[in-house]
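One chain, subunit A, links the two complexes that follow: it is found with subunit B in the first and with subunit C in the second.
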Partner chain A sequence: MSNLMSQSTAVIVMNIRSLPRRLWMSLAMVFASAVVVAILLAFLAMAKGFEATMQSAGSDDVAFFMRTGSAAELNSSASREQVNLIENAPGILKDEQGPLVSPELYVIVDGVKKSTQQEANIPLRGLSQRGVDMRNGFTLTAGRMFTPGTDELIVGAGILREFDGFDLGQEIRFGKYTWKVVGVFSTGGNVFESELWADAKVIQNLYNRGSSYQTVRARIGSSDDLTAINEYLESEPRLTHEVQTESAYFATQGKSLEYMAIFGWVISSIMALGALAGALNTMYTSVSDRSMEIATLRAIGFSSLSAFIGTMVEAMTLAVIGSLVGALAAFIFFDGMNASTLGGSFTQVVFSFQLTSELFIQGITLALIIGFVSGFFPAWRAARVPVIVAFQSAR
Partner chain B sequence: MSNQNLFELNQVAKRFTKGKETISIFQDLNMQIKDGDFLAIMGPSGSGKTTLLNLLGGVDQPTEGQITFDGQRIDNLSESQLAKWRANNIGFIFQFYNLMPMLNAARNVELPLLLTNLSRSERQKQVKIALELVGLSDRADHMPSEMSGGQQQRVAIARAVVSDPKFLLCDEPTGDLDRQTADEILQTLQLLNEKFGKTIVMVTHDPSAAKFAKQTVHLNKGEFVKAEELSA
Partner chain C sequence: MKDLYLVYKNLTRKKMRLFLTTFAIFIAFLIFGAIMTLRGALNSGVEMSADNRLVVVHKTNFTNPLPYSYVNKTQAIEGVKQVTHANWFGGYYQEPANQVVTFAVEPESYLAVYPELVIEPEQRKAWLNNQASILVGERIALANGWKVGDRIPLSSNIFSHKEGGQTWDFVIEGIFRGAEQKTDTSYLLFHYKYFKETQSWGGDSIGWLILTTEDAAMNESVAKAIDNNFANSNAETDTSTEQAFNKAFIEQIGNIGLIIFGVVFMAFFTILIVVGNTMVLAIRERTAEIAVLKTLGFASIRIFKMVLIESCLLAFLGGLLGLGGAYLLIQGASENLARFLPNLVLDQNILLQALGYMLLLGLITGIAPAISALKLNIITAFNRG
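Take a look at the complex of A and B:
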């Protein structure tokens, strides 16, 4: 065994040292692996970033009520009477001012994207201080809170970053109404940063919503309280709502870009086939280039297995180098990159590409598969190079 | 040095199939190589020299017949058994040296010792002795590309003898060298034969090289013939 180890080590060292003889072909394999990994990671980082933006917005101790059958906040509705009924549901926490409930409105306004100068939908959320308090990690990073009953709004950090015209102190016109930006807020990078917030009652007036809302949030002790709330909803005929934790709602919304990850795998798998063809060519060239050396070693008494292992290690090494280059490129160019896309309510969600160690492992695994397959068949050939080639060699 | 047969070939036949055609290289070939012999094999291209060399070196198997080395049959060994047999018994010297271009002289010479259980320091000691034997102890750190053809062939000889095999197989060892360097290489082979008792078989086209051997045999169309028959 130690004999095979020393044989294989010697062959591996020789193969690696002979790489400069095949520099361009080897670099081509490294480059192809790098491109495949970088593209895969870009798609995965996009899906991961979007998912994280959505999922981190949700709270387990916030019950989220939407009209039954509504896929997103935009389609939901809740009358004042229904909000009152929800306030009486069991399990909802209270303070000295009453139940911790936040009825909210969610309307769409237009904004101009900085990157394309195209108009895109932005959500304008109507809520009260109670609703603001339910958002974990909420901080005003500039300016102040909007004054209830006025046409003031505060703008999420993501909107400020990606859209024109929302700077602090600026006035902005949506349809017939002009609003004033009085504050900028952050919620730790989650989806709420892609929103504008204003007083719910002002939005009811300006958008002719009467006394109705769209969704209701309520503070609960834990997700276990949902059972009692569900029973209450079923027993109360005036309520046509379903309830889930806010985190469950956003987890579902976060899956809407899952297709990006699937698309990334499909694209990079197709590209991997191309890279594989190139890598196979590289490795067959390597075996051909080293055939005299392989045959000489076999004549001396080195085993076929050592030739096989040497070639496999060379292929895997090139693929791993490629994957590291690709991962580094993906990290430099994509990690933290800001983007926005349509979310579940047909509004723009601003999010950052997010590369995690789990994604890096997926990229490197793909490169290892390329390395393994591209190495296996040439390595098999290397193990079968006739020793007689050593006698036929010519410089 | 004994007078025993080191190699015995009995009724050896070697045939190749090419498409539907069968080409016979040898038929009923018999041969003995005595322990301590230095044998030159000459013959025109296609005479079977290379095939004979492959059979003696255990890199090819006969179609029929037996090959015995030091009392042990090698014609029926598996590929891996042959690899071990070659590692233990044969030193190869090739026409174009076949050194590993990415390794220095000492590392090239060390290669056969990687197949043994010797420690690193023991291996280095053996390498030093082998390089001294061929007069290249001051070139241990040189890469093949930094050495002349004659020096490279000396390194190849050191690699062939470093694990102290009984038998050296030389394929046109001076075919790529000028006369003076060729003679120096042949003198080294003579030294290995006479002083260290190595049995040597050398395939060559060069009658001057063959003169360094103790005896010369001629092959033609797969049969041993007298020199006069060959030239006729």
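Take a look at the complex of A and C:
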């Protein structure tokens, strides 16, 4: 056993030291696996970042009411009467001023994207202080809260970052009406930061919404209370709503970029096949380049297994170096990269790419597979070629 | 002829390497073809837009409704040829996830504004005459297996039916095709009047207006006249050309589109670099042989050509196979993606670009070894070998 160990070590050292002779071929293999890993990680980080932005927005102790079948906040509706009925639902917590309920509405307005200078959809959400209190991690990072009953609004940090014209103190026109930015808020990086907030009643007035709202949020003790609320909704014919926890709603919304991760796997797997072809070329060249050495070693008593291991280690080393370079490049270029795209409610969601250690492991696994396959067959050849043939072909 | 035989022999001397190199090139062009086609499909709305068609939307955002009276007011503006309007229905078929793009429109004027939608005359008549019927695009019909005469339930994630529920029953009276292969036919059209009468909210509002101008040169003045006409009203408008509107809409997908295409192009070029490297080395290996050929009296320029032909042949072998693969892939995917994307077409442009890249790959990988073969001094070559 120790004999095999020392033989293998000797062969590995020889292989590695002979690498400069095959510098370009070896670099090509490193480069190819680096790019495959970087591409996979770019897509995965995109899907992950979007999902995190959505998922961290929802709380388990907020019940979220939407009209049945509306799928997204934008499509939902709730009349004043229906909101009153929802306020009477069992399980909703109360304080001195009554039930902790936030009826909200949603108008889509145009903002000019910094990156393209094109107009894109932004949600202008109407809510009250109660609704603001239901957002975990809400802080005003600049300015102050909007005053109810006025045309003041506060702007999410994500909007400020990606769109022009929302700086503190500025006036903005949406159609006929002018709004004033009086504050900037953060909710810890989640999707609410891609919104503008103003007083619900003012929005109802300005945008001809009468007294109607779209969705209702309500503070509950725990998600167990949903059963009672559901029974209440079914027994009340004037309500056409369904309820879920806010976190469940955003978990579903977060899945809408999942196809990106799938697309990333498909593309990088196809790419990996191409890289594999290149890597196999490299390794076959390596074996034929060293055939004289291999034959010599075998002739003086080295086992064929050591020749096999030597080649395998060379391939795996190159692939791992490549994957590390690729992962590093992905980290430098993509981690934290700002992006925005259309979310489920037909408005822009601002998010950042997120590279987690779990994604790194997926990337490196892919590189190891490339390394293994591209090493195995050439290594097999190195181990199997009869000594005499190896000497002949080397000449 | 003899030269070609030599080239062939050189190419096939190491079968494994030939296979691997061809395969890598194949993969590169497979990705190229598929991605370019996908990009083309995303941009087809911009590419296929008519140059005298304008879109009028609410100034605040195009999702806000406009009053119905705007239809006639706009028609009266000078330079406007034909106005029509549409409402977003938020349609889905059976499952909320199975979204179907559905517009409630004024049938006759809509077909006049979109002459690229082709329908059999009797189907057209039947659809116009039956208010409770629907006109279906060819692609979406294919994707769902719908035929003329079928009854389909169509639900809305926005509107409710007067008689309760959110599902409308429609009979398919016609299927429209596109005048061109790239014309989008993945949506449904039904009567606005019927929509207005059967949905529970009532109200006479429309989503947006589409109009044609007398002449594309008048676009700008007509757009200005329309927006001025509705300035300071409760619903101010924003008029743009169909092309600009579609472009802005596509760009809402945002820089992730840019990132995806950037990343995939990087992949394409990486494979080419890796493969090119292998091809260069493969020819370098043969320095001694080239010296032999020269000794035998082959003219330098002849060897130069042979080396170039060999590398180009390899590039085109893998590249054309890859494009063929992409074509098959697209044929298969096109139907499955009918709900999300307009027609996937690997068009002439993409083909030409791909051929250009193949030639470039062949030339770049062949040129360095070819030049060194051209300049090769027989004596030094033999000394080295």
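Just so we're on the same page, the second predicted complex is superposed on the first by the 388 of 395 C-alpha atoms of A that agree within 3 Å, B and C clash if a C-alpha of one lies under 4 Å from a C-alpha of the other, contacts with A are read in each partner's own complex, and residues count from 1 in each chain.
Throughout what follows, a residue touches a chain if its C-beta (ideal position, glycine included) is under 8 Å from a C-beta of that chain, and two chains touch if they have at least 3 such contacts.
The structure displayed is predicted, hence computed values, not measured ones.
Contacts of A:10 after superposition on the shared chain: subunit B is touched, whereas subunit C is not. Using the contact criterion defined above for the overlaid structures, shared-chain residue A:88 touches neither subunit B nor subunit C, since it reaches no partner.
When both complexes are overlaid on chain A, the residue A:129 reaches neither subunit B nor subunit C. Comparing subunit B with subunit C, more residues of subunit A are touched by C. Within the superposed three-chain model, A:365 lies out of touch with both subunit B and subunit C [touch as defined at top].
Look at A:211: by the touch rule set out above, it reaches neither subunit B nor subunit C.
In the superposed model, A:110 lies in contact with subunit C only, and not with subunit B.
When the shared chain is aligned, subunit C comes close enough to touch A:176, but subunit B does not. Counting contacts by the rule stated earlier, no residue of subunit A appears in both its interface with subunit B and its interface with subunit C. Subunit C makes touch with subunit A in their complex at residues 16-17, 20-21, 23-24, 27-28, 30-31, 58-61, 63-64, 90, 96, 155, 157-158, 160, 166, 232-236, 247-248, 251-256, 259-260, 263-264, 266-267, 270-271, 273-275, 277-278, 281. Subunit B contributes residues 50, 53-54, 57, 59-60, 79-80, 83-84, 86-88, 92, 94-96, 98, 100-103, 111-112, 114-117, 159, 171 to its touches with subunit A in the complex. In the complex of the two chains, the subunit A residues touching subunit C come out as 24-25, 28-29, 31-32, 35-36, 39, 42-43, 46, 69-72, 74-75, 107-110, 113, 115-116, 118-121, 174-176, 207-208, 240, 260, 263, 267, 270-271, 273-275, 277-278, 280-282, 284-285, 337, 339-342, 346, 348. Contact residues on subunit A toward subunit B in their complex (touch as defined above): 2-3, 6-7, 10, 14, 17-18, 292-293, 296-304, 386-388, 390-391, 393-395.
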